[in-house]
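Next up, some structures in structure tokens.
One chain, chain A, links the two complexes that follow: it is found with chain B in the first and with chain C in the second.
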Partner chain A sequence: MRLHRLSGDMGILAGAFVLLWFAPSFASDYALQISFRVMIYLTLAESWNLLTGSVGLVSLGTASFVGLGSYVAFGLANHFGAPIPVILVVCALAGAVLAALVSPALFRLRGVYFTVGTLALAALLQLLMVNLPTFGGASGIFLKHDPPPLASLYHDALSVALVASLAMAICARTRISVIIRAVRDDEDAAAQMGVRPYRVKLAAFALASALIAMAGAVQAINLGAIEPYGAFGLQWTIDALSMVIIGGIGWRLGPLAGVLFVVMLGEMLANYPEAHIAITGVILIVLIRFAPGGIVGMFARLFTRSTRLSSP
Partner chain B sequence: MPDFGTVASAILSGLLLGGMMGLIALGLSIVLGVMRLVNLAHGVFLVMGAYAGLYFLKLTGFDPLLALPLLALGIAALALPLYRYLLAPLAQRGPEAQLMTMFAVAIILQNLFVFVFSADTRSIERSYATLPLSLGAITVPLIYVIGFAIAVALILAIHGLIAHTGFGRDLRASAADPAAAATLGVNVQRVQMLTFALGTACAGVGGVLIGVAFQFSPSSGGAYLLNSLAIVVLGGLGNVPGTLAGGMILGLLQSLGGLTLGDGYRDIVGMALFLLVLVFRPEGFLAARRA
Partner chain C sequence: MNAAAAPLLEVTGLVKRYGGVVAIDHVDLQLWAGTITGVIGPNGAGKSTLIGMIGGAVTPSAGHIRLGGRDISRLPASERARAGIGRTYQIPRPFLDMTVAENLEVAQYSMAPLIGAGPARSARIELLQLTGLLDVAGVPARALPLLKRKRLEVARALALKPRVLLLDEVGAGLIDSEITELITLIQAVADASVAIIIVEHVLRVVRACCARSMVLNFGKKLIEGPTAEILAHDEVASVYLGTGGARQSAPAAPKDEAAPPPRDPGSLSQLIAPRSSAASRPPLLELQGICAGYGQARVLKGIDLQVHEGEAIAILGANGAGKTTLARTITGAINPTAGTLRIAGNDAAGRPAHDIAGLGIAHCMEGRRIFPTLSVRDNLLVAARRVDRATAQQRLAAVYELFPILAERAAQGGTSLSGGQQQMLAIGRALMARPRLVIFDEVSLGLAPIIMDRLYEALATLKAAGMTLVIIEQDVDRALALADKVYVLEHGIFGLAGDPRDIADDPRLRHIYIGTAD
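Entry: the complex of A and B
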């Protein structure tokens, strides 16, 4: 049954991937740029949803791994002339390794300490990059060669988003989902049942971090220049968190709904960055209080209510 | 190799500054202890205190340090509706909902500050802030000594409040076991509201001191929040004297880090220390469960 639903998900994803692959042949540059951002954000949001919605670890460290991916990608491209697939694989490994390295500190105690630990990690990495001249200091690094054309980068971002979506489909549609939910709902009970909470949390954290680092790499190459305040900026963290809360935390379609909403809001308020963030904050407060399920949760509630009303 | 005077001055400056950081961290600590909430807006409340001091000086001409009680009350009063309308309704929903709400409050306020006050770096300019205080080869800024004295006096006052008053007893009971405290007739929600206001006031007062001693901008809050967290971990949650000690240790280490590695490394020391303490000595947190 579950495997059947998994193959259904895979079919939908494969279909969407093939359709979206041909977008560059008819979409305008502006539309392609937006689609690129949707793919990057979708990867960030799926990863955050896995950590927070599924495993129950509230992360404020998205920026750590976006920044890590950016710097590793530039190092590989500038010093070794590495092609993008190689860069992506190495970035994914780097993200997972950093997650594993910091996990003894972050998982030492439960709950909110993971959250503040991830926040401290992002700040620490940002300050290190600002102060270490090897990594370009506060002024950052330029890509030595011209970045690939947008259409090619769009395909890379689409591929990363596909990998992220496939990983989430597997997490949601196989036995893994039961294990993850057991750890989220009651770590001690899960441990009694033979699940190792530490390993499950670490695996989820490493997977999310690997995906975020890949997204960071692609978006940095698209920019052509990186500096610590942008690459490790709190904005990445705010974006990931707000997209998932707005879309619907813990819902499969939550990240996608949230990404589309946030990208649209961002386009409408592109000239008012402060207002954009402040409005996002207000939306977050209202949703957390009145609609913890976000957009998808509201629709789900409407739908179940209407079916219940129509049934005799 | 820097001479003795430079090193000794840096060490003393670090300790004095650490005392001020201890007051700021104490505000974070009591809210964490009583409400189980890491107030991610703590740094932004600090920046709010700095702006309050700045505009108090501009509008009235009085020294904001003399009006600290008034400023503290004003900032504490702002915290009450935040608790009443944003945090209290989420009390039954686990710590994450409150945490993320305060994160949202932080980004709203920070961008509001940019909008109202601009992103420029400011400071509360007082003539005495730049005066040096010399004792032999050791020289520290006078404002560090003033700030330290105010911070330690307030930390001791809060210690007395928690240890020796009826409110303090309610506060300790609510921190130890809110449900049991409520059963015994403690108005836990009122205690939490007042604790939140007190914590915010600590950040606000710290902000006025920081505003006189240093420069600040709307985005200054993040570093103070993270340094405060490092101090809370270092000193042990719910341990008031420990928080002062933790602040002074962090201040000392930051000074030494700045002296040996360069000024840019001051804040790195705080965050690295925070993560290291989490790895090697998390008892700071565990002590809290018993406090």
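Entry: the complex of A and C
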């Protein structure tokens, strides 16, 4: 039965992927640019939802891996002229390796200390980049060659988002989900069931970090120039977090709903940037107070309530 | 049992220290496949610590645990589970948001990630049938009542296909008929390849399931042998009933430190609230039909009790009978679900704890609850904050007179004291509020006989000075000697009540404690 649901997810994802693949042939440049942003944010939000919603690790380290992906991608492109698929694979590896390297220190910390630890990691990497002239220092690096056209980058972002969504479908629909939820609900009881909580957390952290690093790489190449304050900026972390909370933390469709909502809101209020930030903040506060399950959780509740009312 | 074969689980010289406290002191244990062993002993004897160390949740300070010859003493809990040790938690810890079936899947898929879905499902159905959970397989664990949660604990441990199964108080909080079901379940899961340890206060379970038992007392193995012999043993009866301590230590000459100093009754009056002068006054404490519990576990099922000024009441009962719950209900730490609670005529049911303390009820809590960061003096002064400095100092002097050792240690940290001194501090702190009634919850638990005598002398002095006392005790003899009236709690109701002399001779008292009444 569970495999049925997994193949159902796969079917929907494949259909959406094929449909969206052909978007550049009919969509305007503006629509393509928005879609590109949706794909990048979707990858970040899915990864954060895996860590925080599913495994229960509240991470503020998204920016560390966005920045890591950006710098690794520029290094590979500028020094080796590497093609984008190679760049993405190396960035994914780099993200996973960094996650594995810092996990002995981070997983020693539980709860809020883990969260602060991930925040410190982003700050540390940012300071490191600012102070290392090899990596361009505070002024950053430019891409030596012209970036590929938007349509091609859009396909890359779409592919990364597909990989992220597939990974999440596998985590949510197979027996892996039972293990992940056990670790989130009660680590000690899970260990007593033979689950190795450290390995589960490390695997999720490495997977999320690999996905975030790939998104960071595509995003940086699209920009054509990176500098530490942007690449390792706290804004990446806040964006991913607020999108998932608005969409519905822990829900399968939460990241997608949150990303679409926030990106559309941003476009509607594009001429009033201050109002955009303020309104997002107010929405966040109102949702946390009245609908902690976010948009998806709210609809799920309304739906079950109405079905309950209609049944005798 | 084949004694010549190597034991499946072998525990040698196991020690667990928490700071200066030794919870488990050089315990040895051997388990053979196909046997069920009972572990009994008073609260705080170290039973759950022993389970925790075998299961891997608690790291031993010294000693070795070998499973089938392999030393597993330093392995984390997950590796022990994989090596074949399944345990249950005393307070069930299911994954609340998962269904019952998914709870079992955790164990199945962590042990065998690639097991086929079909075999896994039929194994689950078999386990659910065995534990009587098949009809709730799709229900979230959160919706299960306590008994079913305990069964889920057992089912989940069995899903590991363990070679050693550790059942930690799976019978606590269950009523008689539920215990019968539990015994049937344990007998059904026992087979020739598994060794089972049952830690239990419900001795009926031990008697029905365990061929052999060991008794833990103060972290040490007191005795081990066939269960029937163990339960008939005088020493075991005295660990539970406390008769040995009182009889042996009464004639012993008290040590210098413990000698009660001559007292001026005037100083004690600093600690005892003046009696109300009304001619026909209501009882100081009155309970009618009080029911209370924790979530699914109903502990008190209709308690009636009257305490008049100047009386000393003893409340006895086996572990899990509801004694501490009764104390917590009176002092407002938990709210009764039914019944009336009056303090000096005022309705006090559902009022917060500090209100009830304001009505003159002090609670000397089980486990002492000393503030570790405060000195002995500050621990005492905390309880007398609403009075002026001079009055507080007078009360402090009166407490020091009752327990001179506290004056000597006044500047030390509260938890640097020995267990007995900490208990004196807890009693002194309860008195600092100058209460009208003090509830003493298990003041003798975990203390050496000589210290218990010293504490009971202090309680006798307080009673003689006119204090109203409610004493909750497992140590029957000492409580009977002090009380004017005795109530025996059994399964949340008073099974026995009356004059201490009559109760002492009542064979039902022993039955209630040891459980032969079944």
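Methods note: the second predicted complex is superposed on the first by the 306 of 312 C-alpha atoms of A that agree within 3 Å, B and C clash if a C-alpha of one lies under 4 Å from a C-alpha of the other, contacts with A are read in each partner's own complex, and residues count from 1 in each chain.
Throughout what follows, a contact is a pair of C-beta atoms (placed from the backbone, for glycine too) under 8 Å apart; a residue touches a chain by one contact, two chains touch by 3 or more.
Just so it is clear, the structure is predicted and the values come from calculations on it, not from any experiment.
In the superposition on chain A, contact of A:Val112 is made with chain B only, not with chain C.
More residues of chain A lie in contact with B than with the other chain of the pair chain B and chain C.
In the superposition on chain A, A:Leu302 makes contact with neither chain B nor chain C.
Contacts of A:Val89 after superposition: neither chain B nor chain C is touched.
In the superposition on chain A, A:Val102 makes contact with chain B only, while chain C stays out of contact range. Within the superposed three-chain model, A:Ile238 lies in touch with chain B and out of touch with chain C [touch as defined at top].
When the shared chain is aligned, no partner comes close enough to touch A:Ala14: not chain B, not chain C.
Within the complex formed with chain C, the chain A residues making contact are 2-3, 175, 178-179, 181-182, 185-186, 188-197. Residues 52, 58, 60, 102, 104-106, 108-109, 111-113, 115-117, 119-121, 123-124, 127-128, 130-131, 234, 238, 241, 245, 274-275, 277-278, 280-282, 284-285, 288-289, 292 of chain A touch chain B in their complex.
Residues of chain B that touch chain A in their complex: 36-38, 40, 86, 89-90, 93, 95-97, 99-101, 103-105, 107-108, 110-112, 114-115, 222-223, 226, 229-230, 262, 264-265, 267-268, 271-272, 274-276, 278-279, 282, 285-286.
Residues 55-57, 76-79, 81-82, 86-87, 89, 93-98, 102, 105-107, 109-111, 113, 117, 156, 159-160 of chain C are the ones that touch chain A when the two sit in their complex.
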